[in-house]
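The next block holds one structure in the form of structure tokens; read it before the comments.
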Amino acid sequence: MSTPSSWRERLYVIVFQADTVAGRRFDSILLLIILASLITVILDSIDEVHQGYAGLLAWIEWGFTAIFLAEYLTRLYCSPKPLRYAFSFYGLVDLLAIVPGIIAIYYSDAQYLLIIRVIRMLRIFRVLKLGPYLKQANYLMSALRGSKQKIIVFLVSVSTLVTVFGTLMYVVEGPEHGFTSIPKGIYWAIVTLTTVGFGDIVPKTPLGQVISSLVMITGYSIIAVPTGIFTAELANAMRGEQLQHACPTCHKGSHEQSAAFCSRCGNALFKKME
Amino acid sequence: MSTPSSWRERLYVIVFQADTVAGRRFDSILLLIILASLITVILDSIDEVHQGYAGLLAWIEWGFTAIFLAEYLTRLYCSPKPLRYAFSFYGLVDLLAIVPGIIAIYYSDAQYLLIIRVIRMLRIFRVLKLGPYLKQANYLMSALRGSKQKIIVFLVSVSTLVTVFGTLMYVVEGPEHGFTSIPKGIYWAIVTLTTVGFGDIVPKTPLGQVISSLVMITGYSIIAVPTGIFTAELANAMRGEQLQHACPTCHKGSHEQSAAFCSRCGNALFKKME
Amino acid sequence: MSTPSSWRERLYVIVFQADTVAGRRFDSILLLIILASLITVILDSIDEVHQGYAGLLAWIEWGFTAIFLAEYLTRLYCSPKPLRYAFSFYGLVDLLAIVPGIIAIYYSDAQYLLIIRVIRMLRIFRVLKLGPYLKQANYLMSALRGSKQKIIVFLVSVSTLVTVFGTLMYVVEGPEHGFTSIPKGIYWAIVTLTTVGFGDIVPKTPLGQVISSLVMITGYSIIAVPTGIFTAELANAMRGEQLQHACPTCHKGSHEQSAAFCSRCGNALFKKME
Amino acid sequence: MSTPSSWRERLYVIVFQADTVAGRRFDSILLLIILASLITVILDSIDEVHQGYAGLLAWIEWGFTAIFLAEYLTRLYCSPKPLRYAFSFYGLVDLLAIVPGIIAIYYSDAQYLLIIRVIRMLRIFRVLKLGPYLKQANYLMSALRGSKQKIIVFLVSVSTLVTVFGTLMYVVEGPEHGFTSIPKGIYWAIVTLTTVGFGDIVPKTPLGQVISSLVMITGYSIIAVPTGIFTAELANAMRGEQLQHACPTCHKGSHEQSAAFCSRCGNALFKKME
């Protein structure tokens, strides 16, 4: 917004912000590189590809690590508060994007590095900070935040349900039908209550099938609860563009964004200082 | 709220209420103990753990029973109306938390005691009575209560659907494809209508697959019904629907949210300052 | 409501209406008999029960047929317009409740009669006509009716989707992976789009799995459509207790049930004839 | 709308529009032909039917191709701007309806033509342009359009989730339990998150089952998000949000639904008759 005075400030605007043409182009290129590095990781995990092109893919991965390293150093250099950036959420994700490449020098075939290499993907959300998406994401986030306590109550109830039903099925069906322990029963109850229904463990006894039917109908019905909570909150958040200010006369609480007078009683919302 | 005069009353405030620091700490500790006792039960059901640590886990279980016994006696002692507490819902759940430990002295390996030991978990909801959660749970409960009759109509319709479809599939597919009886058919219809889809019983004949498709599309569509009911009720419960303001002329007490004039006498509800 | 003058009219009030004590008791007893006859049918389909008690259950079934016959004749007798009753929806369902018992005299072991015997269950909805349930069912029905056209648009779109995806999978996966014909492919697409997922037919080729992922994400997302339609209509239907009358001055369309003046402009809603 | 002066214009009204009797009849007949051609394709894919009636079905298909060709030429002839029609969406779909018949002369048994033959089905939506359906479809489309950005944010989040979870499961479960590559893991994550749950790949290790439980509960909960988005938007689209009435004093044109006073100048929007 303000004219950048030095080269470093100009770089900051390009690298960290998205409201200039150059900044948007930088974000687009970064997005493509992140996606390309992700596809490399995914392809490398396919056995046939790995056997044929392991060497090539390792070189490409090295290239991406170099690019991400350069990007990380640039960000550190042009950030006005480098330390604060380094320990921010995105700063750590940016650092994580380089780490696997470097560790891989010492330990080859480190399977668990894969996860870190995929977590790079979180950097995509940076790019979504662009214009209208940010506003929409804020709606969603504020709806989620507004319904946090309701959702905790819901999750505690669901946890209780799956524990009780899982134990019940463990007692009723027993190890001979796949319910070898209570955790297995709870796993089955989650699979059933969420209506996923893998079918790897299924009730065999009539009583077990009756209990299952109960779990399924419960799961089918209570999905209404998170949906209802979220919908009501989201409708609130979307309406919430309104001015939150109680009218001093009739106490109507929300008004049009630019209202000067209350639309119910016609009195001035704000006192005019003469 | 009132200053507790005696030791017993002070105990009551700590044990039963959650608006003092001591009361909240008591609840937190109780929550941890309940969760720990639950984990003991769950671990004990895993075969490898049971074979290695059965003795240790039995001792731990004994410890929990002792703690819960002490807690129950304390509650009985400090409750102003001990009998009323003893026969309240939570009083019975508290009692149930002790019973399995005591029965286990006479009957060892009693599988069915497991369920009672897990039902202890219901005591977690005590702790959720804390502050803001109570209000949110009330919203959810009042939305559920408001939609009770609609939900009964819905459940009766669903029961009819699964019975009719279950019988139809029993007749069409027959025992050779797993539909060995009408109850089995109803079980399959519930599995399918709720979109769980275990896959343990599946239609094999073309006609059976056509009927299945009908059941699935029905189940996929009517999930909208409980969701719609609950969402509409919850939105109602969250909005304080009506304006509570007595009309200065005719004293009608509640009006449409945004009324400027009384709908009974037509006079302005609020004075306009000129 | 009016005092019944003759025995026949008194019978009519008991048998057809639910606002007297006797009428409600009649409905309750009928409900129990219907459920009992349903349980008989269901039990009879279980092989072990059938082999042991086939004779007994046949006698019980005879008893129910006799009761339903008596009830049907009573309804015909006391109905003011017997023919109109006989050809009404419930009249036909009542008749269907007797038919299987009579047909079974000539054709024993007629499997398809089972379905008719289960359709008796529809008579349960008679009893739901009781008091508050009727009003709630009306809300649900009016919400469904209001969204009929939207739901047809939705179902046509879903049909197109499953046909196109089913054909695509038939071409891509082919008969060797279970997709033996387009109808089979459509069946699979319905199983997948509705998120049922039996797992009897699953994609094996990478391209098939990519298409499946598309179908699943589509199915997961568009469930929002019937839910959204129904919720919006139901919220409308529940608000719809309001008076639908445009204010002659400001054209506000809906008012409180008992409004005499418009709450927006304060003018009389109806002209007073002097 | 205007009275068609020539034969060609009259034809245009019949073929392209649906507000005359002849136009509606034309659409109905077209709908039947499209459905019949679709059923031919579907029947032909069933092995038993194909072996018995391949010749007959090929002739019928020829007939349909001839009809669609005639229709396409008619549309081209009577369209006021033939080129614009030819390159419009429906123009291309109409062309696609003829192509497979013609290609089939040179290449027989071309499996991939099947898809084009099924895409004909899209022409059904032409007929849905009829009267009330158009308006309802517009509601749905405007709700979808209004929520486009929110849905993109949602889909990006879901994509990230399934990629991270898919990789996690590939690392945790490994190829010996069916998770042979990251794409396979992502496929499994989609199957699970969308609550489809085929059961072709299931977690076997305890850690894998814990992660699965997380995925399932996430999938079960976040289905609330698209539903909430769509419901809120649809409710918006169905409500005609604002009052369109120019303030008599300051001429502000749109106000809150229930405004009695202008929120800009505070004067009454409607005159009160005394």
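The chains carry the letters A, B, C and D, assigned in the order they are written, with residues numbered from 1 in each.
By definition in this document, contacts are C-beta pairs under 8 Å (C-beta built on N, C-alpha and C of every residue); 3 or more make two chains touch, one makes a residue touch a chain.
If you're wondering where the values come from, they're calculated on a predicted model, not measured in any experiment.
Counting the residue numbers that touch the partner chain, chain A and chain B have less than half of them in common. Looking across A-C, A-D or B-D, the interface that copies C-D in more than half of its residue contact pairs is found at A-D. Among the other chains, C has the CA centre that is most remote from the centre of chain A. Computed centre separation for the pair chain B/chain C is 28 angstrom, with centres defined by C-alpha atoms. Here the CA centre of chain B is 39 Å from the CA centre of chain D. The residues of chain B that reach two or more other chains are 183, 186, 195-199, 219, 223, 227, 229, 231, 235, 256, 258-261, 268, listed in rising order. In the complex of the two chains, the chain D residues touching chain A come out as 149-150, 152-154, 156, 160, 163-164, 167-168, 170-171, 175, 180-183, 186, 192, 195-199, 202, 206, 209, 212-213, 216-217, 219-221, 223-225, 227-229, 231-232, 235-236, 255-256, 258-268. Chain contact summary for the complex, chain D toward chain C: residues 38, 41-42, 45-47, 111-112, 114-115, 118-119, 121-122, 124-125, 128, 132-133, 136-137, 139-140, 143, 151, 155, 158, 183-184, 186-187, 190-191, 193-200, 219, 223, 226-227, 229-231, 233-235, 238, 245, 258-260, 268-273.
Chain A contributes residues 195-199, 227, 231 to its touches with chain C in the complex.
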